[in-house]
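What follows is a pair of complexes built around chain A, which joins chain B in one and chain C in the other.
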Partner chain A sequence: MPELIAKSALHGQAPKVALGTTLSEGVVEKMVSVAPYPGRGAAVDAVLGALGLRFPAAGEAVAAGDVRLIWVGRGMAFLLGADAPAGLAEHAALTDQADGWAVLRIAGPVAVDALMRPFPVDLRAAAFPVGKVARVPLNHMQAVLCRTGEDAFEIMVFRSMARTAWHEIAEAMDVLEARARAS
Partner chain B sequence: MRLEGKGLVDRGAPVSFTFDGRSYMGFAGDTLASALLANDVRLVGRSFKYHRPRGILTAGSEEPNALVEVVEGNQQTPNVRATVQEVFDGLVARSQNRFPSLSFDVMGVNDLLSPFFSAGFYYKTFMWPRPFWEKLYEPLIRRAAGLGRLSGRHDEAQYEKAWAFCDVLVIGSGPAGLMAALTAAQAGADVILAEEDARMGGRLLSENCRVDGQPGADWAEAVLDELRGMPNVRLMARTTVTGAYDDGTFGALERVGLHRAPAPHLPRECFWRIVAGQAVLAAGALERAVGFPDNDRPGIMLASAVRSYLHRYGVVAGQRVAVLANNDGARATARDLMAAGVKVVGILDTRPDASAVEDCPVYLNAQVTGTAGRTGLRSVSFRHAGGAAVLEVDLLAVSGGWNPTVHLTCHMNGRPLWREDIAAFVPSPGAVPRLTAAGACNGAFSTAGCLREGRDAALVALAALGRAASDVALPVAEDAPYAITPFWETPGVEGRQWLDFANDVTTKDVKLSAQENFRSVEHMKRYTTQGMAPDQGKNSNVAALAVLADATGRGIPQTGTTTFRPPFVPTSIAAMGAGGRGAGFAPQRFLTSDQASRDRGAPMIEAGLWYRPSYFPKPGEATWLESCNREVLMVRESVGVADVSTLGKIDIQGRDAARFLDLVYTNTFSTLPVGRVRYGLMLREDGHVLDDGTTARLGEQHYLMTTTTAAAGLVMRHLDFVHQAFCADWDVRFVSVTEGWAQFAVAGPKARELLATLLGEVPALPFMGVADVALGSVKGRLFRISFSGEEGYEIAVPTRHGEALFRDLLARAETMGGGPYGMEALNVLRIEKGFITHAEIHGRTTAFDIGMEKMVSAKKDCIGKAAAARPGMVGPEREQLVGLKATGAMTAGAHLFVPGERVHRETDQGYVTSVCWSPVMGAHLALGFLKNGRARHGERVRVVDHLRKIDVVAEVCDPVFHDREGVKLRA
Partner chain C sequence: MRINCPLCGTRDRREFYYYGAEDYLDRPAPEAPAQAWDDYLHNRDNPAGVTRDLWYHDLGCSSWLVVTRNTVTHEILAVEAVADRKGGAA
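Showing the complex of A and B:
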């Protein structure tokens, strides 16, 4: 059997640049959902400690180097950039999520303005600092929004909706560019 | 007429625009209204009902008369207020509700017939015969009355919606708003200052006033400069706050591209949702008119508007001006005009005790008894303390006092309070939580009062936010008391005194309403239509209820106001629903096989937001049915491939996973061996079927549930509910993996042969088995399950490999004489096999109804079990799943009757849920529900669909038409 070709959700999509801000598709090689069983919080933290991580609080992303653990909902986080450490499956349900999500990245001076069109969320630095994560609707899609830098964000949506998600954010950037040109 | 050296328009930037086909010049900074007045155009519209000639009354968004159509390509926007629309090069505007032209409108005959058209006329006159109202009277009346016209085309222009968050939202940028914004901003709060006008400054731009010794407009500009330099301040001009909602949320409409030529991606409007910790309402006040005969002629204008046109735009709308007022404030109009060299022929003051000292004649106790000039004011007749007189004037500035703009404070059911001293309604404090009203909208009518209240409101907001206030000095400004004696209408005169210009309502209509016993202000509004036009009564509400109060012998506070509701200004649905038109209405979900299916010309249909191939046409096939028939026979005789990735997939793990499944499914999963799959049925708490699907046991503590496509989200929500509500402490966790796996059905007698070429060796799977498989280095799963009735497999790989596998499977299938099949064939195959979908489990059917009551385990409890056993949920009176076979086509939605019986709701025996033409059986098949149906196999029923004119006789049979013993799928 020859190897099956792998394709990302937005395969071939060129980055979009407007007003010094870039929207691009991110790559997810490894992503596993971690859902600790009841009463196993300390045990989970002990295992994660080996990676320099702990289970994140609601709305939080914790990182150690390139390995990140992002809160995504009640009692669940996604581990990115590493395989689940040995022993974690004893205390938490682990499920591969790498193929289920599309990741979009946006970085630049109008990233906040562009995102505050489709996302009904306060992205002022004080309310949504670096490392903050939220489950928020991206118009009619459920998304995970994470601030990765002062002007940089990561957006995750279900893979099948990647094109719509791209369109919504790209349109917001187009509109901001047209506004800037007009003023 | 434009005055040299006056106004804030940019004289260095002339612009050209057209109105009713004629070309005019204006300047950047002009509104259409000011530019038309500068060009001496006074007649701009026809009234709604009587087609009376109308001019410009105001200088703001409350304008009731000057409504025009703005034309843009093949689109036109009706009811644009000329007082809001800014002029730009290439603007095309035209008047509306006139034929053939604005100056000669044949429908003006309505005005001569007006004695017949008083309020309530239509209701009384056109009652009989009743069907005529809808078919004849209403269309005729609507054609005669009316405002602008729509293009009739989709509005494909760009619109935008956006969110904004701040600590303090300041609504309005007059003296109160500027002081509030400055005070809050200097304390470090995040401030949004929203202003409806294109230019900030409010009345400071329209009055001859001084603040801290500077002209008001200069002071405003200096404050704005300071605000612009602060990173915590956002200035939003051309943005009208339209509504106040819960939790400090406000709606706001920004005019983004309406004041310039269209450009790619430039939105026409943006609808903002602004969430504010605190808000300061500094929306100002609206001047009100006075009732006198024929007070609606072009050339009769609010006194404040006359000053706006003078100071803001350097325009006067006439050569000989008179002022009619009941308050001191309007005197400024006469003084400012005279200072600008305009002839003021007199001030008509309705008060007997006002000062008569001015540089022009002052007539006290004056009442206008009539006006002349059909398309433009020529003269005013009036009586006064010294007798009666006629003044030749072409502009009459009118002031009946001011109404604070209380609207937003009423959006959460607050009622304004009447203040006798200023004869006006003011906001009731606390009517909108976290909002403080300041300045003229709070009844403070002096500049100094506005500045002070603005600052104080910001201090209130800062205190509530827990912020230390900065020390902001109050500028010095005029602080004259507001002296007014109410004057609503002129007593003892003939002729119509207009209240609601936009809807052609007179004082007489209001009195008639009271006389007909519509005495409540809300009833008066409905009876007369006062306040129901685009201006929503901004110009007329208070005067109308004053007249009503008088007519009913009550006071104004007892009469009360009607309810002010959002939006404050007309707001386009296109802006509120920006991006939601056409494909933007909902997310689109695409399969990994999407491009491969489209490459083969498959029409896509949407199912649960997914786009799925309907059928795969081959050359020579003229209809979908031909393709569908071929695909069905292909699966029955050879092999077919279909993308079934849309089915919901839920990964369930934990020591209590089996226990959890036993609770949510009617049947038992704890006994399912590892490596096997079981069909499961799920009930709602009320005992009706929620969903069905297969669940595989991948490990001792690891299951994979599949759901139907349509109910994937619903089932996930149900599991979350059951888990959180009934067994939160169980050792079970689950997460959706629907999107993580691309899964393809391979079905037909040659299915195993096809898979053998792909996998080398097909695991020896029994029917309803599952195994891990390897495709090169890719790990996949192979299920032996069938939704077609043939030997069937579903092969799943991580989604990133989906497209490659689909194309590979198709190539192999086609080499073997098979190929892809779409939703149509999939549906026929499952109907032939009697498999249900949500067409059958539509929310009102039970396990008993679909013949699966034996699947409700007697050995354990499950969600919905008790409710499903209630009386009436089982028994012969229930409509039960049956198959129907006929020689003529049936339709889903048709109802079933006993042949020979009357076709009537009371003799209804059931209904059809799914239909198809079966190329295998050579017959029309259907699934449906028939009363006591399982006992009636072999009977004949009449299938009737009145909507689609279907009336055929069908044979009732078992719902499984194909391979009833299941030999083929177990092969």
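Showing the complex of A and C:
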């Protein structure tokens, strides 16, 4: 059987750097949505416990080593970096999402300022601490926004929107850079 | 106008999709009389004041919400998740 060549959504896109802040494409090899069936919350937590995880509360990301479980909406989380553990399919609807999403990462001193332009949420540390996740529109695109560090964020959009999402954030970085140069 | 989503917090109303009156939550039984189906599908109050209707957080967490609002002042008085109200999955 021929080996297909896997390409990411922004294949060949070089990282963009402005004001010491880098926008780059992230790689997610494994991504599975987990949607517990009604009344199975405890059973789902018991199975996830084997990985050192539990089902996240709204707006929360749970991690165990490189494996993460991030909240992405009512009754749904994405498992990143691992296959679904055995037995989980009995208690939750599982769907492979790896082909459907693009991941962008931004890290650096103006990451917050750049993201606060297109995302209508307060991203200051007090309101949006490290580890917080939000479903929030990136202009008119449905997106998942996750703070992975003091100055680092991960943005997920539908794969078909990857270039538009990149453009919106890159433009916000350009504006901040131009303003810094002018002042 | 902002809606306080129980999962996402206070968000602009443009993140939400308006569906219609709260009446849609009370679907008659299949064999219910024609009058009940007529009321369910077509007959709505149009109050100048407090009304309750269904909204969907489509640019957010995908929750269906019952929003109590005032059509005169545009004030949002209460927001409740349909799932919580029916005791469904969290």
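As a convention for this text, the second predicted complex is superposed on the first by the 182 of 183 C-alpha atoms of A that agree within 3 Å, B and C clash if a C-alpha of one lies under 4 Å from a C-alpha of the other, contacts with A are read in each partner's own complex, and residues count from 1 in each chain.
Everything below uses one rule, namely that a contact is a pair of C-beta atoms (placed from the backbone, for glycine too) under 8 Å apart; a residue touches a chain by one contact, two chains touch by 3 or more.
Here the structure is a predicted model, which means the values were calculated and not measured.
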Touched partner set for A:117, first chain B, second chain C, both or neither: first
Touching partner for A:134 - first (chain B), second (chain C), both, neither: second
First (chain B), second (chain C), both or neither touched by A:41: second
First (chain B), second (chain C), both or neither touched by A:84: neither
Larger contact residue set on chain A - chain B or chain C: B
Touching partner for A:169 - first (chain B), second (chain C), both, neither: neither
Chain B versus chain C as contact partner of A:6, first or second or both or neither: first
Touched partner set for A:58, first chain B, second chain C, both or neither: second
Common ground on chain A, meaning residues reached by chain C in one complex and by chain B in the other: 37-38, 75-76, 120, 140
Contacting residues of chain C [partner chain A, same complex]: 7-8, 11-12, 15, 57-63, 81, 83, 88-90
Chain B - residues contacting chain A, complex: 158, 160-165, 190, 256-257, 260, 263-267, 273, 275, 579, 586-592, 609-610, 651, 653-655, 728-731, 733-741, 758-760, 774-778, 797-805, 808
Chain A to chain B touching residues, read off their complex: 1-8, 33, 35, 37-38, 75-76, 92-101, 116-122, 124, 127, 139-141, 158-161, 163-165, 168, 171-172, 174-175, 177-179, 181-182
Residues of chain A that touch chain C when the two form their complex: 36-39, 41, 58-59, 73-76, 120, 134-137, 140, 142
